[in-house]
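In the two assemblies presented below, subunit A is common to both, partnered first by subunit B and then by subunit C.
Let's look at the complex of A and B:
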């Protein structure tokens, strides 16, 4: 590309634009993380670097971090157990009612999180035990993230003519459950991984619903983050962001790892060469 | 594997199929297939051939009253996974999450066949279908022909009592289709599994079928050996669907039909018949100038030399163009006059040929 003189200005422009977009996206994150390590944000980096804020956040919000992880993993477990079979059934059925269910599944996305939360409070608010339990937040998260799991798995299953594969498996003697575990699940793998990443990211970062549903004793990381920005030094909030990253990134990498097809152990070489 | 294993006979009794939206895909059908026989269902799309196959497979239930028998056993209410059938699909339906060997082993695994026996069977299948070098390939690394070979191996590996093939060659290109057709033919003759083969391709049907069932609009138009169907088609639809057919319309008088190109004796024609048909290869080119009875005249409009024979397009014999095939070595050019004769017993007067 560099040898063509006429194209050089164009290339420079494209590169410049790309860098600008990157800066737009990354500079605030970098600044925010930096602020978490700065002794005094107002005086800038010259005031020195410190881990004090991180330690302070950890001391103050350890519970919130634990709860966030707990809710995210529980939410993932529920969306897997409910969402994957749902997508499997929807992919196989070919009826107007299944199309309707598919559309209905997306409606939680169209309703603001605050409204979903309000609905939950109106419905279950009187049940004190439940209202103050962390599973109340979990319910909100499941409602919000389930469509992402179903959609993601359904998209993959719709792209592979699942029905004919199933007919093939059935003709070879596979029962319903054998087909689900040997054909449906393995071929939905990439959709399940994508859906899982989505669910965990959304759950960990969810604020609208959680803010409405939380109690002083049940706080997740984003709610705590909002608290600290509102009521404490900016450095604390920034340190919080760093911890948020440290928490979510390994989680996402782990899910992606788990989702990769396992390398098959080397098969015994065929006994006879056929040709 | 047991090479002379025989399949079961299949019998359909009054199997019709009406879809939920009210479409009648298949009129009640009675059909018997002998053990080890290869029957081809042939017809245009939407004729009910695939529905028939799916009813036998157990993928569709026949309408109330229809029964499916494998031998003496009524399998109407037996689900496909218990019917012990082998199926080959047009779209292959190979499992993308498994490699070639595991695809072939799949049916044996779900049947919990002993691993040693399973490995032997898979090896035998790979060898039989010339797939040895591909055993650890992923499915998306195979060509269309290889995929269909794997699909065939997978279906046969479980030693099914019935083999069902739904347009297995349609997705392949012409040369490969021909090649695989020969292979399938040899395989079916060797294994003698009861086979039902669905296709819309008449040459496939002729080459593979012990018998052919020609279908149209959810009904059987004719059942017979390929020869019977070609030489004695039951009606105009069958005749037109299998091979090329020329049709001449004219006036019927005293056992003679007069068409634009001449007069033909038609003693056995039913009353009211006013059309006669013949196959392109059933003509004899004559060079006599005489206008004797039974000789038709026309003008050549096109000639293609095919080596062993010449295909001619001729006008002026009937209302449109007729196609003739001749092994004469004479050369024809557009515009040449031509005279030909059709042997009496090769003239076809078909149902459904009332004057239009």
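Let's look at the complex of A and C:
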């Protein structure tokens, strides 16, 4: 085929370019994992492999890992309990007030975390107990992750004929909460799972807000990472990054897997808001 | 009507979210506005963003950085995204996985990735030492920040481009080709206009992150002159709360407006095309 031959160099060039980008994204990940297990990174792998850095990180930052998991799970619980019923309402109601809420909910994503955190400190910083408690960080995480849960569930609920199902159930005498639990929740399942993965992933990795809200006794993993990059040797920073990858990469892979068949419905979210 | 009886339940379902939002977002943002006006300069704190040379230079360099990051990321991700959508080859899914894996890496980790590439013991420095004997170190500066933001933005932009490229009408391209259009003309006249909504929204995302992100700069060097670092320094080291608040409000407004414009523009084009 004439055209194919003509376009083959173009294909090779594009493939080469894409692989180069791929290397740019992937090489530093591999290097940092390697460095985390190398005795002396400057001298290279020949200096020997070791688990010493991982052990040291565990001793230094165990609390941060625990706190990150605690905050992520608490954040997930809150976004589930308050976010899913909200998405259910937004999917059912077609009122200016619900559209306004839908719009407002995503504004924290459009404003840098630093600004949100400053606002929180100025408003609640004087409340000593709250300021130094881990729930102060949790507040920031909930603000930041809630829109993902709501939109993910809303996208799924908007793609089905919720109204007809609801009317059928209501005519058979099902109450509001009966319908929420027997129609809303089961139909929203895939959206809830996708939203939950997103919430946990974002919470575990959140830095912009957390750095401002944390206290010396309340450090999350990304705060500890910043700390180790600034004051520890490269091998320790690498080992810590490797542990962070272990926490977050399974979540990211799960999101990718889940996203494949459903990607279109999740991406259709902006269309939902223009109803 | 069912809706009438439902109203109390609907309200009850939505009250927690509204409360959380009002108490922890609306109120703090209002307090931030007030704090920005309560300094010694009063509303002059906003004028200072433009008149104070240090603030102004960091505002300008942040906007320039964000523009360049957006431009470069769109080109890189546009080429790779369209290519990956159009061509199926062995290992394609691995390539996509590797490209999109860093999707939710926090800024600090992205900063560390830049150090692995361009830091004092970085891979690129090692390579350049072998070639020219000179250790190329770029991580701890604006150049490192640029590389970090491009790294951070590529996964999301590639996903957006791929999703949009999938929906393009291939017949238009074939038609253009059969009418004698060169590959470049097809790209410029068919593919890029078709991808415009995706380009706008992905570009706005790049711009907003590069404007407001904080972790990457924090990891690379605390003296990089970008707005988030300036805000951080004003607030924590100089206790200049009014200026920090005013700059945060300005920063928040810029990112919010850019995202809002892009969303309206992209939405409008989508509606016009459909």
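Basically, the second predicted complex is superposed on the first by the 225 of 275 C-alpha atoms of A that agree within 3 Å, B and C clash if a C-alpha of one lies under 4 Å from a C-alpha of the other, contacts with A are read in each partner's own complex, and residues count from 1 in each chain.
Keep in mind that, in the parts below, contacts are C-beta pairs under 8 Å (C-beta built on N, C-alpha and C of every residue); 3 or more make two chains touch, one makes a residue touch a chain.
These figures come from a predicted structure and were not determined experimentally.
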| item | value |
| --- | --- |
| Partner chain in contact with A:164 - subunit B first, subunit C second, else both or neither | first |
| Which of subunit B and subunit C A:36 touches, first, second, both or neither | neither |
| Which superposed partner A:118 touches (first subunit B, second subunit C, both, neither) | second |
| Subunit B versus subunit C, judged by how many residues of subunit A each one touches | C |
| Subunit B versus subunit C as contact partner of A:172, first or second or both or neither | first |
| Touched partner set for A:252, first subunit B, second subunit C, both or neither | second |
| Contacts on subunit A seen with subunit B and repeated with subunit C across the two complexes | 167, 170, 267, 270-271, 274 |
| For the subunit A and subunit C complex, residues of the former touching the latter | 3, 7, 10-11, 14-15, 17-19, 21-22, 24-29, 31-32, 35, 41-42, 81-83, 85-86, 88-89, 92-93, 98, 101, 104-105, 107-108, 110-116, 118-120, 122-124, 139, 142-143, 146, 150, 166-167, 170, 176-177, 180, 201-202, 205-208, 211-212, 222, 225-226, 229-230, 234, 237-238, 241, 244, 248-249, 251-253, 255-256, 263-264, 267, 270-271, 274 |
| Subunit A residues within the subunit B interface of the complex | 160-161, 164-165, 167-175, 178, 182-183, 186-187, 189, 261, 267, 270-275 |
| Footprint of subunit A on subunit B - complex, ascending | 57, 59, 79-82, 84-87, 89, 91, 93-97, 101, 106-107, 110-111, 123, 126-127, 130-133, 135-136, 151, 154-155, 158, 164 |
| Complex interface listing, subunit C residues touching subunit A | 2, 6, 9-10, 13-14, 16-18, 20-21, 24-25, 27-29, 31-32, 35, 76, 79-80, 83-84, 87, 89, 95, 97-109, 111-117, 119, 121, 123, 151, 154-155, 163, 177, 183, 201, 208, 211-215, 218-219, 228, 231-232, 235, 241, 244-245, 248-249, 251-252, 255-256, 259-260, 263, 266-267, 270-271 |
